[in-house]
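Below, chain A partners chain B and then partners chain C, in two separate complexes.
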Partner chain A sequence: MSKFGVFLCRCDGNISNAIDIDRLDKDFKRTTVVDSDQHLCSLQGQQKIKKSIRKHNLDGVVVAACSPNNHGQTFKGCMRDAGLNPYLLEITNIREQCSWVTDDRKSATNKARDLINASLQRLEHAESLSEFRVDVTNATLVVGGGIAGITAALALAENGVKTYLVEKEPSIGGNTVRIGKVFSPHKMVEECAMCSLSPLMNDVYENHKIELLTGAEIANINGTAGHFNVDVKIKPQSVSERCTSCGECATVCPIEVPDWWNANTRTRKAIYKPFPQAVPDRYTIDAEHCVNCGKCAKVCKSDAIELEAKPSLRKIEVGAIVVATGHDEFDPSLRPEYGYGRFKDVVTQLELARIIGVNGPTNGELLRPSDGKTPKRIVMIQCVGSRDEKPHGLPYCSSVCCMVALKHANYITDYFPGTDITVLYTDIRAPGIYENYYRHVQEKGVKFIRGRASDVKRKGGKLYVSAEDTLRGQCLELDADLVVLSTGIKPSQGTVHVGETLGIELGDDLFVKEKHPKLEGASTNTKGIYVCGTAQGPKDITYSVLQADAAALEALSLVGQDYVSVEPLSAFVKDSCNGCGMCVRQCKNNAIKMVDRRATVDPMLCTGGGACVHVCPTAALDLHGCTEAQLEASIRGILAGKREKEIRNIAFLDTKIGYAAADNIGAARLRYPPSIRIISVPSVLRLAPQHIELAFQLGADGVFIGQGFEAESCGENFESVETRLNDLSKEVVQRGIDPARLKIYRVYIPHFVGLHKRLMQFDDKIKETGELEKELAAP
Partner chain B sequence: MYLFKSCVAGTFYPGIERSFRFILNSLNVDYFDDPNQSSCTGFAGHCGVVPPEANLSLNARNLALAYNSGYTNVVCTCPTSYANLKECIGELNDNKTRAAINDVLKTVNYEYKGGVTVYHAAEVLYSLKEILAERAKFSLSKVNIATHHGCHYTKVFYDEVTGGLWEYPTLLDEICAAFSATLVDYSERSSCCGLGFSHLIDVDEYTESTSFRKLESVLAEEPDLIVTMCAGCQLILDRFQRQFEERLNRVVPVLNVSQLVALLLGADKSRDACLQFSTIDIAPLIEKMEAV
Partner chain C sequence: MSKEKESEEEVFSPESPTFEFLYKKDNLIKCLQCGRCTAGCPAAKVFEDYSPREIVRRAQECSAEELAKDPLIWLCGQCYTCNSRCPRNNTPASIILNARNRAFKEGYAPDEIYKKASVLFQSLERNGVTVSPALFEHDLGLLSKLVDHNKLTTLRAELGLPPLNARDIPVPPKALNEIRTILKLTCKGGLFNDH
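Coming up: the complex of A and B.
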């Protein structure tokens, strides 16, 4: 008989405040080796596990601690160090899915005991597995050519790594090009942003290790950390490298459209160069607005214009990816009370930056849009769209807008003396030494009033800003020649697009979620993909650049290795295979092939969802890490010891999205009753009708299946996964189960609150309906 | 469509509901005019005269009447009824509250089962604006209009406003624009008309100054008409305007959007739109409406 050890983590009260660890220690001591620690993840805690494995010659280990998503790798390392195969480890999640979600100590302790018992039962069926090695491709991809992407790409290339820099616009530079000035908290002055940025952009162009792809977007990706295959979609390159930037083409172009690079404060032609320092240094055709009149091609002396150019697809191979896709501005028309769009003299800070920028629409003169006069009184409104819980609002602080307002107020006070500036703020956030700059601006005479503006009105041709001075308890109406809105920062469309294409986790605000908010701030939840800049969250240039260097360092340490290990959690074929080929048709990843009339799985292509397992008529297929025996043991274990009148509902959640969302429920300390028990499955396609039936036979009162939204599984798209789930549901109902006891739900990680609500509703409904046995016994 | 009648509209401006009926009839819209419906008591509720439990029970009955009639789209001509009914539905979504209220309703043989949606009449006109404009006998092409949407429509269920956003609703503007009107912006567009419910009874100087500020800013833009969707707002802006006539030096007619649309469709000025109930003379506006 196998000898197992159970290790209980107290997590410094995070677990032990809600769960009676001493009690569990005592209970499990009767049958198995038990130990506990304040922090099993600490070196001391790990040492304890390792020593115990050696001392008791253990055959398998259950670690009851936080989610396997946190320290799964740490504990696998312990196993390896102690000479045990890491796949003989079961992690019981008694923190995110027990202590943090259960109110009453007794129920939490009972639930933890049941979960550990289920792990012990599953461990009986664990198998030793060895990992695969994947050769690492010594190349990287940086997505996004703003200041963060440029910094990361340069850091990688300067360390000798071939780097692809993909940018969707015709030039790199990003938002830094548009902001005009940056402030120095040491010198109390504003400096030219382009003066810092332009040399870096030129370095990118000249570095032979960097291949710059502009007008390009990520279309598709597959592979794993160490070796990704990426498809890059490139817009038609209608102006070739022969372009000398003479500008003749733009003078004859008849089309005029708003210029994004100038925050739409001026226009440009359909053939244009974004800004004088653009990299690559050439003109570009905006296909959306070009009418193909051909005038530009006629005047071009270098024959650089190819109107017939077609879009292309570039396939690249890289070992690591850095996401630096940046942010967009909050759309101020969503706060119509401030009159943006209705009153010409209501502008955003970015538009003001263009107005006072020497390369902007007024050549740096402070002139207001309506009549070109110099404004004498300026009112700035902070937190437009930020810290705003109303519909369309951004609930978070955008973190840079206070400093942007201070920067512009200081600059205007210096260069246009006599201008009266009032800043209406919620709280001024000037962390660290930025406070010095804030004090400096205050001393210069800029007025600060604490209070959110209620609206901007026009009376007798003049603008008035209404606000409450919350420190004095007074309502004010301030007249203004120019009103400037400090709009918030939201994730760019590119960030959301890349997040979906690369399959990396986004937070509920749709910024890319970092792996660990303190310790791994530049890693995503997908190994080999890193993040920096405002793609990860609102931050200023200083922090974007720091994070870009951190992301580059992470990517370097990955591509610097010869190989990476890949978990061997793939399907495998047993002797009973009769060569019927049904699994080959099922697998959309083409991971199963017929070799000598026998199915063979390519473990590198298999994504380990397990959809093939139950299409096999001879039960010859199974899945490493979630074998039929392991899955059954989990179901049995989680339902074992069900007490009289107790309700138990099983939630099968896919590991990547559903289970991670359930962890987020715990992290947010939302509560749900202990009757809900979660089983993680690699994909919901792993589930067959017999598993659901077994759950009901063994006493489950309800079964909830949560599938990650938009998640691919076994190469099948979300729609076909849904169809398969509906078929599963129909079959289960045909087998005599009340359809109300089975619930299928799409899980969307950012919306973990939705999963929580559905679980609660389901649990309530089952409790209202009552125990399954009772119902069966009734007639 | 279950036509939910309003006490303020019925009392002060019967033309609002008569006009809405005229519009529905002219489009052959099937609606139910239920003699058993009672006032929602919203006005009294806001003034603290009717306790919340009574308000809830009474409207649970109203909603049950709508549900039982099969006309489950409740359309209010009054934004106070609109907001009050929607709030009641929200409260009745709580199982405990619903059970307690149903215990009360049982004594009069009713049961609240949900299944009812509440709209404002202006939302109905909004959704039909293109069809209505096609059938219009008059055009507003020479008419400048200032709109006032009213707090109980825009500020209670602010995230459910149709047309624009709650801070700058364009529901009425878009309806008027469909008949070629020119819309004028004014500085106090999102301010209250001054009615303020309990304020009107308790602190009339405050409501008076609010109404004055509102009307002053409207009149500064010299519109030909103020269009509202609330009988209460109309009462303040129309009846009380006389009080400020000397200070403001001029007056402007006020109409409910239903009255305006009915007139454009050729409704009778007195029998349908009941313009004789308006304090400020509508005749100058009528002159500006051009036959098409």
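Coming up: the complex of A and C.
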């Protein structure tokens, strides 16, 4: 007979105000070892658990406290410290899913007792498991070679870690190359961006720990934190390292295309070098536009051009990944009222940066595109696309555009004195010491008018900007020789692509979502993948560089370890396997293979959803952490002691999304009746018709299945999960269950209110229908 | 309550949901006061003291009653440029329309508005159309400067169009009957009798 201990947490009133802990203490004392504490998660509380395990020589532990999502790891640590296998622990969620959601103290106490009893029953079937160790590959991958990616790669390499830097363009440098000048709030002058960036780019090239892959994109990834296998797709490398950058090839090339590096303010050839300081320092062929005429190859003295070059695939192994895929500029032609594209003298701040850049189309002279004359009056329009909730708009503040406008206004008044500049702003956002810059530019006579411009018109060959001076309540029509649009920052296509390929969570705005906005600002929601720069959100160079160093530090601390532990919650095969191969076809993660006519599970590839368990005709498959016996015990336990005329509804929720959403219901203190009892399953695909049937046989009046919207379900997409759930419900109905007693719902974490509403509706409906008459004989 | 009474209230009560769809309260609160609406507003260019941005501020600060009493709400031309400009998806024109409906119902609208409305109503009842230029020829005010009838006739001739004004084509009797029935049902009790 196993000896279990029950530990009750009062949570400083959060639990004990709603649940009579003393009563539970007394009740359970009759049968098991019981203890309680104000804070089981505190060092003192943990000590109590550890002492008790040793003193009573316990075989298993139930901790009745907050959600396992909060302190699950803490209590597992207690088990280890006390010499018990951590998988002999059951956590009963009596806070988020009991004390916080139940109105009346008696009902809450009864529900808590039932839940603890269910945990004790499940604990009978618990198995000791040992965690896997994954050897950590001491190498990292940085995706994106802008200022953030360069900084992260250098930080990693300088700490001795082999680092792959993947960049889709032919040179590293990113947007920093294009902006020309950077603002310096201390000196009130603009510094040359290239002067800061170029030495870093050269360091990247020279650092033997960094392998630079340009013209390359991430094609595929698998593996987990500590060991990722990444496929990198590399465009044809038509110009080899023998290139001396003499430039003869470009002079003979007949193809001219807009030059992205110059924000399309000039053209380049199909064979080109992006900019003089490009790294790697060589020409490149733009395969999209090249017509394969071969003229370049003929004039090349170094025999560096290989027109027949093919794309290649490079397979790399790394322990950690840093995403630094940057941003794109908001397309101002989406706001046609500003005339961008219709009027040549309406340009973006980035185009202005190229115009006044010494290596730009006018060699640094301030000349407007239409007629090459020097503009005397410049009007800058702020918030183009930013703080804009219209279609395609960016609802957020792009955070750097105010400083970019100030930078250009300051530079132009310094180098082209007499230029009249007006900035039309919504709010000037110059936080911290940047305010000095704002003041400085004001002092120099740049005009600031508070009002967002409505439109740009051309009358008699002149441009006019309509705006309201909102502080005066006066409508203005400002004539301008040049109109500059301060366009917002949006996630780059590369950011969205990499987000999807790596399977990391993106936010609503499609920037990479950080794990915690304050405490873990350089981590993503996928362990082992970190983020920095504008891939994570709009920010300036200063913050991009800081975040890059933070991301590198996170990656370093991971690859510096010898191994990482992985929870052993995977499928396993029993002796009864007859080698039919049904499970192999079921597993979309390719985790099951046939070895010697027997199914074998690769625990590293298995995501532990359990969809395979019930496709096995000989019941030879099962799932660690949620075995048939454990799941059955949960169902049995949660329905045990059902009183006459009492209604009980089981809600099966997937651990990652559904269960977390249910926790959020508690955290928001929404109420639901104690008749709703939640059972966590790794994925709803773990459920088979017999589980539902068993629930009804044992007295459940209704069964609710909540599947998380993006929850990992054995590699199946949502549509196929839904199809399988429909099949499940059909089969259950065929077995004689009233379809009204089964509800399937799609859960979305942020919308926990929706889950709450559905649970309530379902419970109401079942109560209306009444208790299920037990037509089915109990087994 | 009779069915007819119900429909009347639905259409003409300023609190009725019929007009609530015209603007969202959430958006109203989120106004940035950036002035894009006013900057793009043709009416604001003509009338110095009129500004849709100011109207939104007043809608935030004062009661619906007060806004309805504000004579400035009658200067909007309902072109909805303000809606196409607003970065927070507000529609000052709808706020104004709502205030106008209230003003009209409660008797705050200028006499001129009742007079014009009455002309429109009668025209609709008689001919099945609300506006024809002839109705306002004596009272075009600012518009008379903008609309040059001779020029219009010449332009139509140049484009090869007949001199006939489309509005001179009478509404077919069946449609006219339907319009009259609608008016009877929706304007029971007399829309203008009180004023």
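We adopt the following convention: the second predicted complex is superposed on the first by the 481 of 779 C-alpha atoms of A that agree within 3 Å, B and C clash if a C-alpha of one lies under 4 Å from a C-alpha of the other, contacts with A are read in each partner's own complex, and residues count from 1 in each chain.
Convention: a contact is a pair of C-beta atoms (placed from the backbone, for glycine too) under 8 Å apart; a residue touches a chain by one contact, two chains touch by 3 or more.
Every value quoted in this text rests on a predicted model; they were computed, and no experiment measured them.
Aligning the shared chain A places chain B and chain C in steric conflict.
Of the two partner chains, chain C is the only one touched by A:468; chain B is not. By the touch criterion defined above, A:389 reaches chain C but does not reach chain B. Within the superposed three-chain arrangement, the count of touched residues of chain A is higher for C, of the candidates chain B and chain C. In the superposition on chain A, A:337 contacts both chain B and chain C. Legend: residue contacts after superposition of the two complexes on their common chain; A:426 is shown touching chain C, with no touch to chain B. When the shared chain is aligned, no partner comes close enough to touch A:440: not chain B, not chain C.
Judged by the touch definition given at the top, the superposed model places A:457 against chain B, while chain C stays out of reach. Chain C runs into chain B after superposition on chain A, and of the options 76-84, 94-102, 256-264 or 274-282 the stretch responsible is 274-282.
Looking at chain A, you'll find residues 337, 390, 455 touch chain B in one structure and chain C in the other. Across the complex, chain B meets chain A through its residues 158-159, 164-165, 167-168, 185, 187-188, 190, 217, 220. On chain A, the positions that touch chain C within their shared complex are 337, 383, 387-390, 393, 426, 450-455, 466-470, 473, 475-476. On chain A, the positions that touch chain B within their shared complex are 334-337, 342, 390-392, 455, 457-460, 464. By the touch rule above, chain C contacts chain A in their complex via residues 32-41, 44-45, 51, 53-54, 81, 84-89.
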